[in-house]
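First comes the structure, then the notes that go with it.
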Amino acid sequence: MTRIIQLVLSPLIALVVGVLLLGLSRKIIARIHRRYGPPIYQPVIDVIRMMSQRSISHGSLFDLGVVFALAGSLVTVMFIPLGGTQACQPFAHGVLCPLSSSGGLLVVMYLMLLGPLGLALGAGDSANPNASIGVSRKLLLALAYEVPFLLVILAVMSHYETISLTEIVARQQQAGWGALSVPLSAVAAFLILPAMLGVRPFDLVSAPQEIASGPMAEYGGRSLALIKLYGATHLFLVIALFVDLFLGGGVNLATFLLKMLIVFMAVEMINAVLPRVKIEDAIKFCWKWPAGLALLQMAITVLSKSG
Amino acid sequence: MDRNQITKWLKSPGKMAHKYSLHAVYFCTGCGIIEIPPVITARWDAERFGVIPVATPRQGNLFMITGYVSVKTLKAIIRTYEQMPDPKYTVAFGSCPINGGMYWDSYNTIKHLDKYIPVDGWIAGCMPRPEAVFVGVTHLWTLIDKEMANGYIRYKKKYAAYRSNQEMALGELDWPPLYPIEDETEEESK
Amino acid sequence: MSAQGILITAFAGAGLSYALGLTSARLREVFAIVVSVLLVCLIAITHGQGAEHVYYPDFLGLDLVLRMDALAWFFAITVSMVGCLSVIFSLHYVRGKEKENFYYFALLLVNAAMLGIVLSGDLLSFFIFWEIMSWAAFLLISYKRGRALDAGLKYVIMSILGSCAMLLALLYLYANYNTLVISDLAQQIRSAAGGFPLWVMLAFALGFGIKCALIPLHTWLPDAHSEAPSPFSAVLSGILIKMGIYGFILVMYGVVGLKLLLEVGAPWLHFHTVLCWLGAITILIPTFIALLQDDAKRLLAWSSIGQIGYIMLAIGVATSLGLAGALFHTLNHAVFKALLFLAVGAVEYKTGGVRDLNRLGGLIRRMPVTFACALIGGLGLIGVPLTSGFVSKWLIYKTLITEGHPFLALAALVGTWGAILYVYKLLHNMFLGQLPEKYANLEAAPFSMQLPLMICGFIIVLFGILPGIPLSVIGGIVGTLGFEPVTATLTGFGPQIGPLNTLNLCAAFAGVLLVIVAFRGIAARPKPVSQDDSYAAGAAAPAGKYHHTVRFYDPLERMTGGYLRDWVDQFYLSAAGKAKGVFNGVRRIYTGDVRTYVMYIVALLTFLIFAHTAGWL
Amino acid sequence: MNFLTSYIHYVGCFALVLIGLYVALVKSNLIKVIIGINLIDTGVNLFLVATGYLGGGTAPIFSKAAEQSQEMVDPVPQALVLTAIVIGVSVLALALALAIKVYDHNGTLDLRKLKGLKW
Amino acid sequence: MVSPILLIAVPLALAFLTPMVGLASKSARRYMPAIAMLFNFIVAMSLLPKALEAPIIVRTAGWAPPLSIHLVAGPLGLLLSSLVALIGLLVAIYGIDYIREGARARYDVLYTLLLVGATGVVLTGDLFNLFVFFEVLCISSYALVAYRGDSAGVEAGMKYLIQGAIGSSLVLIGIGLLYGTVGTLSMADIASSVGSVAGSRLFISLAFMIAGFGVEAAIFPLNAWLPDAHSSAPSSISAVLSGVAIKAGLYAIARVVYTVYGASSILPFLAVLGVVTLLVGEMCAFAQEDIKRLLAFSSIGQMGLILFALALSSATGISGAVFLIISHGLAKALLFLATGYMIYRTGSRDISSLAGMGKRMPIMSLCFTVGAFSLMGLPPFVGFASKFTIVRAVLGTGSTFFITLLAIGLIGTVIEGAYFLRIVQWLYFKPAPEAMPEQTEGRAPLTALVPVGLLAVLIVTIGLLPGIVGRALGPAADDLLDRAAYIQHVMGD
């Protein structure tokens, strides 16, 4: 029974927290801009408004793509521990991670891909050049940040010698945060967080002024609402993964969310002040600094393991 | 949020959401667009009311025509309007779309925009200042509350008339009709 | 049914289909399908049998042996299945073209020869079938003429080179152990003391590496795969290059054995380590080259090389999970690459031979089934969860990480992200976007073309959700090859191998999907619009091509295109050009002047006498 | 000198062979080359006869002279030479016939110009 | 009991009878070579089983071997003479309709004589007799090459004659030197006494003989005549020249080196020479545009491989060499014969003129493909079995020297694959040029299809069942390798 509760709870938390984070993001940016800003629940209103509009459809894949994207990211959430340890047991399994026994970090990595892919397929079906260009940028950006991201993940997995995310979290809570044992990886991961989230300076995928919001160019109404929710879930997912990998997860949900909030704030600071880069520059940046740092860390890890 | 508001939200969430989430498609035709940046940036900050610009008509529900409408831009205005999902609200901005304004005798300017697309609200002025825009938006809220901002329904119902007006101004249109134009005789027989 | 019966059916089927084709085209088609389906059935019912028997005593003093065991069965069923699908697909594809008879004969012959390879119990018959496969494939690659001829020649020259190396290696084994029967050979090699010569392994690796297109021996593949008729491209990419994989597994684990293998090579650089790194390179470079291709089949061809890299990497790492992953990925790649090639073939068939990704688009509206299947195949290729490709790649990553090869794992993972890019490009440029006007009235591909696609798609999803079905077979094979058997549950792996439960994943996914669809149902049904009704800044979208396909990954191309030329191929081509020059130069010794010739005679005589007086002879 | 005098027949016939080879190698006229070949042939024939020659031997025929003599010349090389001469003559005849044909076709016997077939 | 001497006597008689038959009936004359070869084939095949057990020695005039001229119909000799008869028979059938121009009567005579010469070379046990038969073979082939009387033929014949005549002279010098040393001409007798006489004289005589026979055997620097002669001769002549005549030269070398001298010191040199010949032949063939010239160079290459295998001095190696002699004989004859009518059809010898031949002459093209595949050594054709045997023999020796040579030589096989498969592509995968003049006389008659088809069937059959030939190979190899046995058989006890 707790399992079913977890199964329902976990995506729900992701959705709610994600949407609120989106609102918070707008608020923070507004405040940095010295504006009042919208209410923090503004994204909820937006979603309701979009749901009440009648969208158009370019074909069944156009509609289904976003459904897959949202479903993929929600399922991914179920594989991510959202706080809790053996010591403090909010749930029967110790952690709020309903599918922890069904797959580890490798599954998470692959599932995280369903979102962009679903969105890309749907956008591709819209026959809009802005959408195709946006998708092309999105995929290239993914390629750009995946190289350091994979290096980071591999370094973490090699360091803890496991592919299970819950185990990584547990080990951190015993022996200190990942940010301390694999510091360069943590730095690298933080550097690519904006790219993974698609925020400035890496918001070139959905650049509204340039390519009319890219993949979303043709989306409106309920499909756009789903994309909004997908964005919220994805935001939650990426930050949660960072917290799990480097900040030792959370003793319980509250600390977990607190850590998430801090990471999120840091990312939003960057988001608020930086301009947009070109895709070439994004690739160059990702393959130079974060990848270099992560590679260094991985080499250190491998050498220390073998030595 | 007072109780009244909550009741309204529960009763018709869609309507309320539309009110407070006006995603605007700014059609930057004329000088009116100069007034938009102050509206959406730090000085007046339209975002606190949920009004933000969007990139494509597919994503918006508020259509703002900011200035005079030439024959050439009319085509694009109609196209953009038709691409917006229902429900959608049109606000014409400045005096030019209302009656031609200072271009009242131009051969190439559309004098009455509402002959071609339905317009829910007018913001008078040449140019209307940002305060006027906010007044316009709050006025639109009232209209939405009273279900009077129903231009999109009008457009659907009287599509044949709008279409013929459009064709009169632009000649043969190179896109198919948005709604089926039913034969009047058929309608009568029904 | 013994292995012998299967082979007789296969070869006789090839011959008879040619004979029948002389009388009636329809009869030949029916017969070809019957034979291929029959082969699948025959092999299927031999599951679990283990037999080894001499079918040709005393061929040049050697006994030719057929063998049926788990490994052979696994490859045989893959071969026969993909072969069968490609024959079914061929029905419409070649109908009305010339040389149909020849086409069916060669196709069935290649399939028969491949069955022969996997069912061979000794290396000589292995080699014989290997050669038959090589030349029959050459004939089929050349089938489409034009550029296909050069592709065919390139293929066959490299193939012969590989065969020569293999011949040397296997006869070296014979000279030392006096037998070529695999089981005896394995016995004797394992009992023999001392190391195993590196060059024999290298020679075998040359032969197998050329066939399975390991970098730097890959250059025949992009040409051959893209120029061959599509059903045969499916066979080529799906199973023919897997024969190289089979050869590697057979020689490395079936003959030499794990224990000895780990000692082959220098102490600081083992043979299998080199293989691993070659595999990693084979993943990375071709994947990025595939991104930049504009020809659909060429893109898939490069992708095939990349996927071979995964398999080689997994074989080279020499762990039980790795081998299981390699075998599973072999099966998966056979299925999804066959699917993708056939899908491209269907498009090519309907559009009159257009494979250029820049000239297609929007075909999802006209060929939805083909697209759906291609999508599944593409997802499988990427390794998206709930497709079979995920489980095999998971196994490979898992073993790489736990064995402490994070850099190899990095290559594999980056290759996957590259795969997303080219799969998306392929699907998008062909099926998504705007439908060109000239294809507005295109009909869907005939059922005989859709059926193989659907079967492949079904297999991919089935094995993705219930990977235990193939893994039960593969686990047993891994056990017979000297590894610890891999025990898998029906839906994944228990905690001792690693947490993976695809059924849970599937259920969760389905549940979430249902909830979302229900949630989506609150809103009004969307209004279908035509493809021309697209945002174009207020203007009407132009009726011509509107969406973006040309140089889809242009930024990356500008950044990396300079480095991603096929240097190896250029090197080979220039070497071939040089060799041609040398050949032309050599024949100048025949000057046409008879006095020079007389001089040669005198010179030889003088040399002989001189050499004798000098004491050389 | 002793070598020369005792092996004068061998020296002679090998000189013939070498002259023939020289002609065949150097001369560009087809007829001269044929003559060269014939010289080689003759040299070889001489050589064969010389191998069987014994100083002071008689003809290898069972005659009175032979019975009286201590040694007979070896008859076998002579038989060989007879055959070889026949062969040589037939080759020569064929060569000359072909030379005529060559001249018919090419209007020349110059081997330097006779390079229709090469490479 | 038939005697092996019939193999020489009867065709010889028939050859000289041919003009007389021609007086009676011109059409009957055309069948004379075929009849002669049919007879030879039957006799050779009937003798073969017995010869496999022990060589059949035929003594002329009832004298004992050292004194008399004798025939030694050993396993090797009879096997090769069967091959000669078989190829001779099939080519003779082919020639019935193929030869259309020139002096028909002389063709039949010369053709029969050529084959008599070849049969004699492989059967004789006497060194000088070997030379005589060799000359019979050579002279008739000079004449046959120039037989058409066209410019190229005459030129090729002339060049062939000059080189051949010099080669023959060298052989004769060699024989003379040898005779001067050991005083006998019977090969067995020489063999038994060679051991006692050592030294340079012996070697120099060997050098002369290798250089002399090497001209006919087309060893590397001596083979310049071959591409000219094979490409200029009528295709039927090319077929026997390639299939039979050059093999006779090689047989002579092998016999002299192994049986007469037992000279194992020269074998590595021969192996190197073989590999060089192989490479040069294949390289030149690759660069050819003329189909017959290409086939001729390919013959050179194959001869190199055979020589290499012969030089291995192991039973398997020589079996492989003999096997390759057989398989190459069959395949090359097939290729030349098939090419003959293709050339008639197009009127050109350019490879590019073969475009679309698969459609116009399907059977010929198919057989050509079979022959080409066999030559490349692709299974399941006979070429594979022979090449496989050779490679096995090389690795069986375990000598790094030979294995390295083989590895180099295999490059030749790759080149061979390249150009043959290119031709196959021309045959099948290039469209026939438009408006090609259809020459009706180019249609292959039954007399052409039967031999070509038969050769193709033989190639496949022996390829699938190498045991048919394989049984004879072992004794044939022993025949060459086992000097003592040879001497014992011939000389008696």
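Here the chain labels run A, B, C, D and E in written order, and each chain numbers its own residues starting at 1.
What we mean here is this: a residue touches a chain if its C-beta (ideal position, glycine included) is under 8 Å from a C-beta of that chain, and two chains touch if they have at least 3 such contacts.
What you are looking at is a predicted structure, and each value in this text was computed from that prediction instead of being measured.
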| item | value |
| --- | --- |
| Chains contacting each of subunit A and subunit B, listed by label | C |
| Chains contacting each of subunit A and subunit C, listed by label | B |
| Chain whose Cα centroid lies nearest the overall Cα centroid | C |
| Centroid comparison with subunit A (C-alpha atoms), farthest chain | D |
| Taking each chain's C-alpha mean as its centre, the one farthest from subunit C | D |
| Chain pair with the higher count of C-beta pairs in contact (C-E, D-E) | C-E |
| Whole-Å gap separating subunit B and subunit D, where each centre is the average of the chain's CA atoms | 117 |
| Distance between the centres, which are taken as Cα means, of subunit E and subunit C, whole angstrom | 43 |
| Distance from the mean Cα position of subunit C to that of subunit B, given in whole angstrom | 59 |
| Euclidean distance of C-alpha centroids - subunit A vs subunit E, Å | 78 |
| Residue list for subunit A, restricted to those that touch at least two other chains | 51-56, 130, 212, 217-218, 221 |
| For subunit C, residues contacting two or more additional chains | 533, 535, 537, 587, 590, 594, 598 |
| Per-residue overlap in subunit D, given as positions that touch at least 2 other chains | 21, 24, 33, 114, 116-117, 119 |
| Every chain pair meeting the contact rule | A-B, A-C, B-C, C-D, C-E, D-E |
| Residue ranges of subunit B in contact with subunit C within the complex | 27, 56-58, 73, 75-77, 79-80, 83, 174-176 |
| For the subunit C and subunit D complex, residues of the former touching the latter | 587-588, 590-595, 598-599, 602 |
| Subunit C partner contacts - residues on subunit D that touch it in the complex | 21, 24-26, 28, 33, 111-112, 114-119 |
| Contacting residues of subunit B [partner subunit A, same complex] | 13-18, 20-21, 23, 41-42, 45, 47-50, 53-61, 83-88 |
| In the complex, subunit C residues that touch subunit E | 58-61, 99, 102, 124, 127-128, 131-132, 134-135, 138-139, 142-143, 145, 148-149, 152-153, 156-157, 160-161, 164, 167-168, 171-172, 174-175, 580, 582-584, 586-587, 589-590, 594, 596-598, 600-601, 603-605, 608-609, 611-613, 616-617 |
